[in-house]
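Taking it in order: structure first as structure tokens, then the write-up.
Just so it is clear, A, B, C, D and E label the chains in written order, and each chain counts residues from 1 on its own.
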Amino acid sequence: MLKLNDVHAFYGRVHALRGVSLEVPEGKIISLLGGNGAGKSTTLNVISRLIQPKEGNFELNGQSMLKKSPSDMVKQGVIQCPENRRVFPLLTVEENLKIGAYQRKDKNIQLDMEKVYTYFPRLKERKIQKAGTLSGGEQQMLAIGRSLMGKPKILLLDEPSLGIAPILVSEIFKIIKEINNEGTAILLVEQNAHMAMSISDYSYILENGRVALEGNSEDLKNDDEVRKLYLGA
Amino acid sequence: MQILMSGLIFGCIYGLTALGLVLIYKTTDIVNFAQGEMAMVTTFVSFVFLSNFGFGYIPSLLLALIFAAIFGIAIHQIVMKRVQSAPPLNQIVVTLGLFMILNGMAGLIWGHKPTSYPQAVKGDSIKLGSVFITPNELFILCITFFLMLIFFLLFRFTRVGLAMRASAQDIKASQLMGIKVTSVFTATWAVGAILGGVAGIMTAPITFLDTQMMFEVLIMAFAAAVIGGFVSLPGAVIGGLFIGVFENLIAFYISPEMKLVYTFLLIILVLYIRPQGIFGGKQTLKKV
Amino acid sequence: MIKNKKQKFFTIILLIISLFTITACGNQSASTSQQGKNVSQGVTDKEILIGHLGPQTGPVAVYDYFRKGIDAYFKYVNENGGVNGRKLKLIAYDDQYQPSRTIKNAKRIVNEDKVFAMLGDPCTPCNSAARNIFEKAGIPMVMISSGAQQFVNPPIKNYFGSSILNYRVETRVFVDYAVNQLHAKKIGVVYQNDDYGKEGLTVLKDSKNIELVAEVPYVAGDTDLSTHAEHLNKAKPDAIMVLGGPTQAANLKKELYKIGMKDTPYIVSSVGANDRNLFKLAGKDVWEGTISAAAFPMPDVSNDPSMKTYVEQFKKYYPNDPIDGFAQNGWAIAEVLVEALNRTGKDLTWDNFFKALNSFDNWDGSIYEGVTFNKNNHYGLTTMILTQAKNGQILPLSGRITFDPDTTEITYEK
Amino acid sequence: MILMLKQLGNKRIALGILIVCMLFYPFSVGYSSYFLTLFVITCIYVITSLSLNLLVGYGGQISVGQAGFLSVGSYSVAILSTKLGLPFLVVLPLAGIITALIGLLIGLPAVRLKGHFLAVATLGFGLSVPQIALKWDKLTGGFSGLSVTPSSLFASETQLFYFFVFLTVLIIWLINNIVKSSIGRAFIAIRDSEVAAQAIGINLSFYKTTMFVISSFFTGIAGGIYGYWVGFVSPNDFVITNSFLILAMIVVGGLASIPGSIIGALLFSIIPHFTDSYVGITNIVIGVAVVLIILFKPKGMVSMFNFKRNKSEKTKKNELLLKEEGNRGVNI
Amino acid sequence: MLTFNDVTVQFGGLTAVDNLSFEVPEGSIYSIIGPNGAGKTTVFNCISRFYTPAKGSIKFCGDEITKYKPHQIINIGIARSFQNVELFSKMTVLENLLTGLHPKLRKNIFAISLNLPTVKRSEEDSRKKAFEVMELLKITHLADEQVSNLSFGFQKMVDIGRAIMADPKLILLDEPVAGMNPIETEKISQLILNLKNEMNYTVLLIEHDMSLVMKVSDAVTVMNFGKKISEGTPKDIQNDPVVIEAYLGEVNLHAEVK
């Protein structure tokens, strides 16, 4: 469905992506792993059209997306849930969710909001609270819920486990799986390689802006080198 | 009483200008020092429609406001867009640069002689109790509160308002949610320029049409915005009224020469007690 | 990196040096006075350089109309052959009403451009600041645009006259008029808290035959005069005097009108009143009846041929600018200058020029009512008229009023 | 170490050239009073913009009223020299000290304020000084201003010129030492992170006030130089637009950079020389310059000069970082 | 060494820390863990004196610290690092470390502005000290880099380095390995152990990464909703059912979802 082919991109003067190729097929969870500065977030930002690649192709359903704007991507159903949550701290929980549905004009917004509340019952309790007053874990839930409000076909998740208590991490990963089960493809960027490989179908490992390794998550997980370098075993 | 009344009228003028400042600041995070000069240019343009083309008051007003919108868009597209993510000081200095350019150009084009400008509503002053008030002043009072209310509601309850508030807080996240942030900002500058235009056109009959007409008003509008907390629309207007009245009380009871000095002393005092302004949100301690 | 840091340092230093060299070289070609011929600096066979410093931008750029008036007259003279075969060239710099800039430019205009004389500089503080420079250089200062006492009394060798009425003389005339004609005893005064107002205020305070019931200052640039009106309303004066600029005079009268003080005589100093535009600013009815003084009648009521030329020529060179106001003064002082140059003749030295100026005895060839200079009188404008605003016109209210600096007496012509 | 010495030596040579040029400046302009004045006024703005940069660029405290301090300094000189008849060498430092005291008064409440709130408070100060000077005519001479009794120390304008140039160089050196010291680091620390600054033991209110005091001290001296050079002070000398201009100088020149302040001050002092003879365009030219420079050189004009260095360093840096990362497929 | 005694912190009506007591023994590594919003960072901010407890006492070496101002805390020997790295981003690594010495440097403005030899000397000494610390952290090659150009991992190092500069007795580390991969985490845990074993610092640690906590801690306090719910050695904690329910979720540290 979504395809990157030999993408090069610069972050300021830093050559951040040096030829990344990857693919997100329909309905799958794909994880994108690697250390700090390996180019994971840059890849997501290329897909969300916040960064214009210098070279390479980026296609969605066979159509080049290189001339689209960030809001076009949202319209196409490619929605990113950014790193560090980035909820709107001064808006209420409900307003944050409404912003997620900003592009939509259909009547089902209210229904979808209820659905988000069933995923994350805690958010419902805090409906009229300002998002800035939520705890980190709740903000992460809100961020994911906000992305869901845009009816994503592909959800790009950037480090959903960052700085969150272990118990919440497993809860959030459970929900990610659930979202996927309902048919949304997911591109998951994670520092927590172990966790990410556990739920994903296929994994890419980035190093220095290049794809260093790729393969079925199950295979990679059992790969000795991967275990040594990324899983800390 | 009469002093209070005229203080309120000037307060409205400050408040109107402050509304534009706060609107632009609230959405785009830029303190626009050129707000007053943009208003001045719009007012001159409306005067050109009035006197050179001989249009009526209302058509001239509308045409001038259309001009203001285009003007605001142009300023955002040509200049401000490029400093949107620059450090605040750069933004301030760019608007100061615009201030100098606009002021200088207006001087070259329209000269420096104060000219009279027609009032929105004509008529002799009315006596209400012991207070004299002209219909035009009543009109200014009404339009200020009307605009304040409109924009307050716009921010609070509409989809566009929501997008504006979101863009103000996090540009990247807003883009990721499909908001065209640049368009939202351009629109904000357009609306800000229109608000400025209204303020200018309301001010001109009182201060006369002149390249300097908005300078003092702008400074007081700043003070008003700051007292109001810089992000609150009602705060801006109430801050304006507060300053207008205070200034007149000082002028009457202490010394007309020192009203500016005392006004700023008061502001420093207010800010010392409440560093975030009267209507500013709670000061949030940075999470560490 | 270290090497580069060094480079950076050098580049900056080079830049600084070159910038200053450029600036310094830019003016090496300044004209030098011609040796052998009997003329002072700034005069060649073809040209006479005249300087003018004033604000062209900033809060009080309205004083730029002095320059426009001068410029228009110079063009007019040049088109008609100039002065004794020499063309007039005006060199003007923008000082933005800031003494710091005036000083800089005064030195430039005296030492680099080497002008023959200065004409009509506005701004009292700027003039005070630059006074040392001009006095030291001995350069003729003709008709500076300030009515402050310090430039005319006691007389300074190279300072001749002011382009606007002397603030103190004018106020004395007002007091006389208020007491004798209006039979007013209680006077309320609103004044600008700078030279405009405070010079006149000292006169009011010294006057024995009136009682000052209200004394309210404002700051230049003030637009809100409602509190001033309230003060006057409370004091109930027999007559109100405004010593200040036009916008405040108009605004104050509007406020008075609003709160019902419509009939108290309203006297405004000449800087604040000599402009038919005021009928528009204040409102036609509101401004009606305002009393003021002037050094010349308004263009529309004057039969002076000089005034007719002014209107015609000024419109030609500055079609978009109003003919009322300071441009008139600018034109008038240029007339005075040119007359003095003409009287000096070919040998244009400063001494000869001073002699020529001292021969002015109530000269009325300009649009001024009369200009007088002699050894003890450097006022220049000692003749004025009172005016009154009526039906959209500013009409003469009195005959010529003459002030004699020697005896400090004022004589009224019937 | 040797390399550092070498650099120092070269810097000294460069400085030497600069000083020689300054020494010869009066000759090269034929002792023209105008060009000397232009230079001295530039010096005044160099000192002022450096002091403001200390406050804004290094310390992160916005001040929009710096011209107010200039006024205070110049009035101090006028009052002390004319009304009290004190000698030059006492008056000039005293002008600095008086201004520093006013700076302290402003700094105390300003400690609690940030960003626009601080900007408005200082704006108020800048606006108020001329009004107070106008009103308090017993002390300041009101609208008619005050003349400054010239010093008998200097026989000619040229001597005074040399002294002021020397003073400017001295102040640049002093400010340079301050910003490079632990105090300077404390200022930058406050600008970059107040919490971390406190955690490493920096007393916020003390250092913020110190910033205001140091900044206003040097600005007061600059005002004093103005007073002595011009010989006359009035309320119109330094108005709020001068404050705006000084702020523009440091941003356009380069924040937190000493050469930046000098370049900015130089640029805006010299532009009027070229534009004053054309009617009414000075402010437009300055405005256009401000906008263009900030749009195209957001780090100020000073960044034009180390462009090369920046580039080479950046690439070096990237390689360095990536090499580190590349070592074991992860980075630390 | 550091004692919390019935400390309660409130914001508005919200109780962030509720009757908390614990004691950090000298020469140990003491960890505080707990879910987000449990009040861990609030504990740090109380020690740093950014917050003042509504009740209770905090004693450091027997000295009540609530009487101090934030900037005085370093002088009694407590330094800290920050969760989101509060470095002075425009300074170089070296300068950042030098700021850590701030309380110890002479600050005579006259001596400084004239750059007297005494100032030069003390500046030279402090640079030496900074290079020693960089040596320890193995970041000497980065001395002249602006910290904003560094990767997050290096920034964390500098943050810790700055805390060490002042030679404190107690170092507070707020999530030193958040956002790091296992290899980086390993390095930091070595560093923390070094701090204790070789340099004799006492360390108080907040962390989510259980592998680090388990490895380095001598004792652990678990917080939830501002209250202490458990305390003990890492082993005890790991097996405490209360902790598992509230924080760890499953016994397996890396809960697998399938």
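Heads up, the rule we're going with is that contacts are C-beta pairs under 8 Å (C-beta built on N, C-alpha and C of every residue); 3 or more make two chains touch, one makes a residue touch a chain.
Not measured: the values here are computed from a predicted model.
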item	value
Where chain A and chain D overlap in contact partners, by chain label	B, E
Set of chains whose contacts include both chain D and chain C	B
Which of B-C and A-B has more C-beta pairs touching across its chains	B-C
Centroid-based (C-alpha) most distant chain relative to chain B	E
Centroid distance [mean C-alpha coordinates] between chain B and chain A, Å	42
Between chain E and chain A, distance of the C-alpha-averaged centres to the nearest whole Å	31
Centre distance in Å when chain C and chain E are each reduced to the mean of their C-alpha atoms	71
Multi-chain contact sites of chain D, meaning residues that touch two or more partners	131, 134-135, 195-196, 279-280, 282-283, 321, 325, 328, 330-331
Chain B: positions in contact with at least two other chains	103-104, 107, 255, 257, 260, 288
For chain C, residues that touch 2 or more chains besides their own	1, 56-57, 61, 64, 193, 219
Chain B residues touching chain D - in the complex, by the definition given at the top	25, 31, 33, 79, 82-83, 86-90, 92-94, 96-105, 107-108, 219, 222-223, 226, 230, 255, 257-258, 260-261, 263-265, 267-268, 271-272, 275-277, 286, 288
Contacting residues of chain A [partner chain E, same complex]	35-37, 135-138, 159, 162-171, 173-174, 177, 191-195, 198-199, 229-232
Sites on chain B touched by chain C in the complex	2-3, 6-7, 10, 103-104, 107, 111-116, 125, 132, 134, 206-208, 210-213, 215-216, 247-248, 251-252, 255-257, 260
Interfacial residue positions of chain E with respect to chain A in the complex	34-38, 83, 151-153, 175, 178-186, 208, 210-211, 246-250, 253-258
Chain C contact footprint on chain D (complex, rising order)	3, 6-7, 10-11, 14, 17-18, 21, 25, 28-29, 32-35, 37-39, 41, 131, 134-135, 142-145, 226, 230-239, 241-242, 259, 262-263, 266, 270, 272-277, 279-280, 282-283, 302, 305-306, 308-309, 312-313
